[in-house]
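The chains carry the letters A, B, C and D, assigned in the order they are written, with residues numbered from 1 in each.
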Amino acid sequence: MNDVTKTYKILEIKQETPTIKTFTLDTALEGTPGQFVMVWVPGVDEIPISISNFDPLQITVKEVGEATKALHKKRIGDYIGIRGPYGNGFGLVGERVLVVGGGVGIAPLRTLMKNKNKQFTVVLGAQTKSEIFFEEDFKRNADVFVCTDDGSYGKKAFATQLAEELIQNNRYDMVVACGPEIMLKYLFGITEKHKINAQFSMERWMKCGVGLCGHCSLDPTGWRVCKEGPVFSSEQLRKVTEFFRYKRDQSGTEVEL
Amino acid sequence: MNDVTKTYKILEIKQETPTIKTFTLDTALEGTPGQFVMVWVPGVDEIPISISNFDPLQITVKEVGEATKALHKKRIGDYIGIRGPYGNGFGLVGERVLVVGGGVGIAPLRTLMKNKNKQFTVVLGAQTKSEIFFEEDFKRNADVFVCTDDGSYGKKAFATQLAEELIQNNRYDMVVACGPEIMLKYLFGITEKHKINAQFSMERWMKCGVGLCGHCSLDPTGWRVCKEGPVFSSEQLRKVTEFFRYKRDQSGTEVEL
Amino acid sequence: MLSTSFAGIELENPTVLAAGILGTSAAILKRVADSGAGAVTIKSIGPKKREGHSNPTVLFFDSYLMNAVGLPTPGYRNMEREWEELKEINVPVIASIYASSIEEFVEVAQYVASRKPDAIELNISCPNTKAHGMLFGKDPSIAHDVVSQVKEVTNNIPIFAKLTPNTDRVIEVARACEEAGADAIVAFNTWGPGMYIDINTRRPVLHYRTGGVSGPAVKPLVVKGIYELYEHVSLPILGVGGITNGNDAIEMIMAGASAIGIGSAVYYRGIDVFKRICDEMQGWMLTHDYKSIKELVGVAHE
Amino acid sequence: MLSTSFAGIELENPTVLAAGILGTSAAILKRVADSGAGAVTIKSIGPKKREGHSNPTVLFFDSYLMNAVGLPTPGYRNMEREWEELKEINVPVIASIYASSIEEFVEVAQYVASRKPDAIELNISCPNTKAHGMLFGKDPSIAHDVVSQVKEVTNNIPIFAKLTPNTDRVIEVARACEEAGADAIVAFNTWGPGMYIDINTRRPVLHYRTGGVSGPAVKPLVVKGIYELYEHVSLPILGVGGITNGNDAIEMIMAGASAIGIGSAVYYRGIDVFKRICDEMQGWMLTHDYKSIKELVGVAHE
């Protein structure tokens, strides 16, 4: 079973940006773009990380706290634990897809590009030039638009603004996105305004990752981000009143966003 | 798994002889002629019984002691437990096969008759007329010779004597047999004398039936009757010095035959 | 056919969501109720906010799970909205509580009782924290005191004592709870605990190193435990541990359980496992001409 | 690479046939030795002829077995031919013995010692008979006395104490055995016991009704048990329970076992499981650059 935590060797480490590394592991998975794995950093923590490539398995991780820091310290040949893939992943509909990635949220979107039957337009947003990654990979199968908060590369704009411009000037069958919840919040406003179906990859605190503990479940639907998510459609996003408002921390206590 | 004891309804009970009944169960098995099942008589015992038909599963049981008596008391609709099939079964070689059954040992031999590619000659032996059973079933695919100790039906002879006559007057590629160990002992003398390969179904005390407990293992080879047996070839029979001499009882103590 | 009553609580069917599974919010409990559970249990509520252990908190194997979630809780005072929303659930709601002293048990129980759940389950059996729980469930006289003191502050709300199987004194503890006025026994919490070591990294995988074992692998131990409890206490028993399908449920009931808890099977068979198990039980009962699940309680003792 | 020594006994590999599996005769023990076992254990020998329980004595499930074989034995006096033939086995032979009083233990041990097995294993832990065994293994002071008195009549033959896991006092019992002069701890005998009820006939299937649980399902419990024993006793530990493949074996060794017993896996993987497990261990060690299995004992504690 893929749910037994197994440890694999790190075969390759690529520094994508000053804060983000991609780890290539000595294994491969089958799954759907947008799915994630639970990554065990021995002795430290186990955290949900999206799959940025299936075969070989790659994960692309931003250093933000203890576990990601410990992961960034790993070297080639070290072992980390993996179980999964988990969650639903994206379900593309239509032909013309606008893909919006913010920060490390860019990572899972790359796997969408294996689909050669779609026409992808991709918006990559980051704070500054050095934080843009995977651009070349996207370009192989998409029109790519880059923006940075400080204008150091691409357009000086938020990804949401660039996305709205594109939506105004083009016809898209759907929008898919992954990034900070604040970005998704504004983007959802935009897709709703323009009546375009969207699918967003969302984050909540995860313990089991398989739909057992209930920790990642949403108000008021009870959907579990690890199982019915992490990708939710516009129709679903409308029903989940907690999105963009609050979430639960490790103890289960509600915290405002 | 077929090793979990499952209980099945008795669909039909046929009194074959004054001491032998055939039970038809609400299930079917796949396997090889000569294999057996472990039959749980709830609250009483679990005993090895040969398969006398695979689909539907039938077992043919002689009343000899507590468990078989309790089994004989069962009625249609009652449940008994089954696990298996176990053991190796017969492996027929050649064209012309002499089949020798003594007493309830006739039961497993019937399943051989499904094989339409062989030329079977069958010897059925019992003490008296009323203890002969399955005769019609065998006749459908074999030349059948019956003998009884008291001469009340067929020839007045032991099955071994009849078998030897047949062997002297015909060419057989092999002999297969099931019956009391004393019958098999003499028959083995005969097949060895006439240099015919034989396969005999043997009995030893069984607990697990799957090769785990070791209770049914043989001197000096360590073969387990439940796993490497219950059918042994001439070549094997020659090596098993305990055959026809002693066996182990429930406690594991050796008892002379 | 499946309707029954347990410790005075009417249940449409005998399947109960076990504590610590999916029970983190009113929303998910409601979803479980809609998925066919006869009753649901809120994840164990503690005296104050607690994060629980770091991940990995649950490990998954073919025939068992190991967990050391470590009783995360917002604390009973920080759940106002949940308490309100729990009212909308249309099956009985059991509130599981834990604490690290008798006084705290009383404090939490008193508050929780004021929110009027259908029953309060005392988790005196969690193997995953050192201060909380386990000791209480291993010592008959402490178990007695927890139950009797909680009873004093909880009016008529039925009190369930959830036992640990990991002691020589299970029967004594159950009897002590009975004498102290408990309304039902929940048997059992997880087993062991156990451990899983990753050989490549040479270390235990669970962050807490050890974790309670649950799931199909523990069923034979639970059946035996229930069988024995049934002979020694007269309280109704909620049988929990390793029940994955309708046959398991019936087996547990025949051993002596009046209702059955379902936890790990949510992992093995999905969130609709309650309905599926009920369908399986019903199917079997129809074939075997039973009219009510109540006929089957303890019949393996006949 | 796999050769090691255990309680002073040289082993070509650390796999040991566990007591009660296949060990009924010298012939089958020889076959097991030829199938790659590093050492073999004779089925527990008792004071006098005993039939054991009626069938069903063993039940088989996907992840565990349940057995209540009930210690059948010809009695130590009725095994002359076996003793002779045992001499032909070219791996160490461990004689497991049981009895229902300290005096009987001494009587059986003394005789068995005269036949010079490589070690004697005291089965003070069988859950399947009321008079024999279990009590001894649950009470540290009785365990102490059994071991120390047996030591007095067995010359230099290493004495192994086989423990039950089914007590709160495992560590105390192990320590008592250590103090009494035991040469090794065998951990563990079967778990529970458990029970399986057939729902169609509404009754426990094992004739003895309950049976000890073994096989893959108990591995997490055994690993944790060994891990804890390793921290509390300094005797070598023979880890037994649920080992089915090379990874399991290495996990158990990392938890603290110096050698490993294999029982139920004979069912799950066949009689050549010893060789298969050795090959798997060796394969893993080669990939990970280990030279000797001895390097791995207890490394999960680092």
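Simple rule for what comes next: contacts are C-beta pairs under 8 Å (C-beta built on N, C-alpha and C of every residue); 3 or more make two chains touch, one makes a residue touch a chain.
Owing to the predicted nature of the structure, the values given are computational and were not obtained by experimental measurement.
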| item | value |
| --- | --- |
| Chains touching both chain A and chain D | C |
| Path length in steps (a step moves to a chain that is touched) from chain C to chain D | 1 |
| Reference chain C; chain at largest CA-centroid distance | B |
| Approximate Å spacing (C-alpha centroids) for the pair chain B, chain C | 51 |
| Rounded Å distance, chain A centre to chain C centre (Cα mean) | 36 |
| Separation of chain A from chain B, taking each centre as the mean of its C-alpha atoms, in whole Å | 66 |
| Shared interface positions of chain D, touching two or more other chains | 61-62, 196, 200, 203 |
| For chain A, residues contacting two or more additional chains | none |
| Chain contact topology (line, ring, star, complete or other) | line |
| In contact (per the touch rule at the top): chain pairs | A-C, B-D, C-D |
| Contact footprint of chain B on chain D as seen in their complex | 20-25, 27-32, 43, 49-52, 54-62, 65, 69, 72-75, 78, 81, 85, 196, 198, 200-201, 203, 205, 207, 264, 266-267, 270-271 |
| Chain C partner contacts - residues on chain D that touch it in the complex | 61-64, 66, 138, 166-169, 191-197, 199-200, 202-204, 210, 213, 216-221, 223-224, 227, 247, 250-251, 254-255, 284, 288, 299-300, 302 |
| Partner chain D, residues of chain B touching it in the complex | 1, 3-7, 38, 40, 42-47, 79, 81, 83, 206-208, 210-215, 217-224, 227, 248-254 |
